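Going by the order they are written in, the chains are A, B and C; count residues from 1 in each one.
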Amino acid sequence: MSVSSGPSPLALPGRERRALYRARLRAWAPLLVLIGLCLLIDIGNPRFLTIANLVRVATAAAIPLVLALGTTFVILLGSIDLSLEGVLAVGSVLTSLLAANDANSLSFGLAVVPVAVLAGALIGALNGALHVGFRIPSFMVTLGIWFAGVGLATVLLGGGTVRVLEPLVRDVALARVLDLPVLVWIALAVLLLAWVIQEYTPLGRYMYVIGGGEDIAALSGIPINRTKVAVFTLAGAFYGLGGVMAAAQLGVGNAMIGDGRLFPSVTAVVVGGTSLIGGEGGVLNSLVGVMIVTVLANGLVLLGVSPYLQQAIQGLMIIAAVAVSIDRVRSAIVK
Amino acid sequence: MLQTIQLSKSFGGLPALRDVDIEIRPHEVVGLVGENGAGKSTLMKILAGVQQPTSGSLRRDGVPFVVHNPREAAALGIGMVFQEQSLLPNISVAENLFLGREAEFTRFGLMNWRRLHAAARRELQRVGLDIDPGRRTAELSFAARQMVELAKALSLEERVRGELVILLDEPTSVLERAEIERLFARVQDLRNRASFVFVSHRLDEVLALSDRVYVLKDGSVVATLPAAEANVTQLHRLMVGRALNAEYYMESDQAPYAPEVVLQARGLGVVGAYRDVNFELHRGEVLAIAGVIGSGREELVRSIFGFLPHTEGELRVNGLAVRLATPADAVAQGIGYVPRERRTEGLVTLLSVAQNITLANLDSVLHGVRIDYGQERTLAEDWVKRLHIRTAGVDMPCGSLSGGNQQKVVLAKWLTARSRILILDHPTRGLDVGAKEEVYRLVRALCRDGLSVVMTADTLEETIGLAHTILVMRDGNVTAVFDAVPGAKPVQLDLIEHMV
Amino acid sequence: MRVPFAGFSAARLREFAPALVLAALVVLLAVSTPGFGTPETLLVVLADTATLFVLGVGLTFVILIGGIDLSIQAVASLSSVVVAMLVPRLGYAAFPAALGAGLLCGLFSGIAHVKLHVPSFIATLAASGVAGGIALLVSGARAVTIGEAGRAYLQWVAGSVLGIPAIILLGAMVLVAGMLVQRYTPFGRYGLAIGAGEAAALASGVRVDRHKMAALAVSGVLASLAGIFLAARMASGSPMLANQLMLPAVAAVLVGGTAITGGVGGVGRTLIGALIVSVVRIGMTFLGVNIFAQQILFGAVLIVAVALTIDRSKIPIVK
């Protein structure tokens, strides 16, 4: 006996249906915000929607996107990763020290890329292991690793800054393919990879399961601990890659290279619609979020507004995004 | 075939199941009925692997087995459709159906959605559900989700040899008439593949669907009857029949209440929970609210204490209309709350007895903005003496006290706060007989002193024994009001009629 | 389960562990480093600790109720900028202005957290963005030096009284005030209750929302006080002045024994934690360890401290 005919008797009652439509509308909000933002900025300064400027925006968004993708995975679990700046610093320092540089005679060329990514992955794995093994909340573990990472980067450098001289590495940022910097292509490739992981691998699905209901997941035999460690490792790898990209772009490696990158990353993820509680959102949401943050920064410059206000505006945005999305019924006690 | 032999379960020394022997034969639907707290849910959870028995054994086709979690139970062909749903709302129906089995659809590390959806569609056919398996589970109606859970439980058939046993825990409490009929039709269709255990407080439904019925009371099986030969009245009597000891509830101490109205509700309602509730609480009166889960009584009680502000009607305290938006508002109106969850909502277990007693009214020990520790001590010691609270000292953390004594600390807190209206939410839950008696004595004493009580009790017995007035609720409405004057108390049968 | 008043037991030991660790460290350093045990050095240690301690006190009140304040760094920096820019023009009035800025930041976090139900770490992270942005804007992203004339107004912090740096006395006043508030006022009692059992506190009529708002506001004000201390010691204000202070402040609170699950700990413990952090920092500097490298140690210490003090029964699912 099928139950699909007619006005479905299994359809939602009125109140729930309205809530469902509201939720669907909310899902489109970030994209609408992005479009609205682009239009507004273009009205204020028509130079915004030009090819040259859009390329500039894409270039500016490349590294933040890679970072935000890593952060997205962790937030999908319902956790947070504050160690971004530290891991990125280590990645950039390793890149600058192992490729041709002005401080030593090592010259491993592009082989530094997998090294930096691996280093990032290892630090991420440490995050995961401490979090899962000692049952310490993720924000505490990653807070400690953040500063430890910056410290480690400094120790590796022996203080100061190292200039990257390896042309292949610098090309990662400076060379162009089809008029877009290689940086952008890398970001797109990482986006594709992240999307495949999210949609087509069990690991990706488990992120949603754990974020959506860890207790139910446990009862169903999902390998929770393993998944969590894997997710933090993945995030670390992305941050390490971000470090390579940053070193390539700025031509230097130093411990401060990650400064101020955590906040826009978290903002992008939240504003894009990924819920802090976990289980909602994803890679495409973060793409929109990163674009919003980057477009905003670009727009502020074009409109003559002080770029110093960027973080202030990001702060307001993140609060608005969280306040709008938080499910009041689910979280009765907010800490 | 599934069997339990002398199955027992205790929580912290208090028995929930006592030597339960039941049997589920192939192709049959077994009904399980009993009052709130009779042990139905506990029994189901043990069968499903969610909890472990304290003693006794389980047998499958004559072979003893032990399961530590639902996964292991599923491997033996036992599946449960939970009362509080166990589907994840944020993923698709197909993913929920095969939660934990993703590896079966993964090749070279990538998932084959086409195969997953095809398999999902097959499973959904079994329960006659023709929906897109890729839909987000949150978008389905409760009834549809119930069906998906049923399909998930039934999907065990493909992985397990032999007969399945599907446990249905209160599946119909939130369903509409048509949806219930659909569910029953499905169950009948599926008899040849599985046996069912059907737990519900809706006795007519149980009799309609089951072959045999077990009646549980106070954790034991008191009867088992073929459904065809039983009727609802008979079941009622079996479920609740016990000699009511009038003195246990100190009915001789039940004094008539004063005419003064302290709390009044007119057309009170919360959308989706309860509607049109009217009552008048008088000084010195105990007003008990009876009802099963889903009747709205829990929400009503939460409304009176400000956890769930009412959306319709009005509430008046001592004649003045109030809107209690938070518990702090209720406390300010002289209302106190003795909660069911003593250790999380009643007391701050890490703080001392004295600190807990003054928590609702710090002003009583304040000089300006300074807390007078000496005064706090004296106050606490005074209560310890008056209420006979057994503790090594008022500086002991409340977590170290026994349940009964913790309850007294909670009462002391509200008495310090000079509450005139007390809400008692399952006040004797988890207490031994002696402690319960003390609570009853206290309630009588408080009423004599002019306090008024709104109460939801664990058992009908307690409800009838302690109350002056009883409000019976079902499905969000008040279905009956009884006067419970000592010597002319209603019997449990009278109440049950209006509860289920 | 922690049982704070039981007799001699592991829990009791944990309570006194920080103090014992501090004592051991001081002895170790005094023995191995000449010149450490002198009164002059001790005063320097205490003076160094004062700023960190004041930052930690505000943070303690927030952590006690189970939240976190990630904005203290930015608020302190903003406050130093306010002082540096307003002292030449407004004299002593610059100080209330700085404190007011801190209060506003705290209220911002408070409103976001309490009214909009935003988790405290996001609310305070956002506040740090706003505070940081304003600091950058007002200062033009540079350090603002305080000239001769301005420095006169800072004497009440930078100067000495009877040979003791004023900053130590001010820190002591904050300590005393903090301990009194914690132990003797409703604010202190409610904070403890909310941290140890928020559901029960709520069900006892405690105005939890109001308290959380107040705790964040206090944290903001104390962070801005710390900013004033920094401005006085550096004779300048900058939007990056308090950078690198966040981790030591959090470490001070946690190492001192206040649990991030809330309900256990306090201002007195934070003092011990702050002293431990200071002593370790000085020790490492003597050993020639770079300040950034010190962060590696603090990062590890933080994780260990949390692992030891956290009450896992309060958080069934650790995220």
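Operating definition for what follows: contacts are C-beta pairs under 8 Å (C-beta built on N, C-alpha and C of every residue); 3 or more make two chains touch, one makes a residue touch a chain.
Please read all numbers here as calculations on a predicted model, not as lab measurements.
Of all chain pairs, the one linked by the largest number of contacting C-beta pairs is A-C. When you average the Cα atoms of each chain and compare centres, the chain farthest from chain C turns out to be B. Averaging Cα coordinates per chain places chain B and chain C 45 Å apart. A straight line joining the Cα centres of chain A and chain C is 30 Å long.
Each of the following residues of chain C touches two or more other chains: 199. Interface residues of chain B facing chain C in the complex, by the touch rule stated above, are 305, 326-328, 330-332, 337, 339, 341, 344-352, 355, 359-360, 362, 366, 369-371, 395-397, 399-400, 413, 417. Of all residues in chain C, only 1-5, 183-186, 189-190, 192-193, 196-197, 199-207, 209, 263-264 touch chain B in the complex they form.
Chain B makes touch with chain A in their complex at residues 50, 69-71, 86-91, 95, 99-100, 102-103, 106, 109-111, 113, 128-131, 138-141, 143-144, 147, 178-179, 182, 185-186, 189, 271-272. On the chain A side of its complex with chain C, the touching residues are 77-80, 130-131, 134-141, 143-155, 159, 214-215, 255, 263, 266-267, 270, 276, 278, 306, 308-316, 318-319, 322-323, 326, 328, 331, 333-335.
Note for the complex: chain C touches chain A at residues 66-68, 112-113, 116-123, 125-130, 132-134, 136-137, 141, 198-199, 247, 250, 260, 290, 292-303, 306-307, 310, 312, 315, 317-319.
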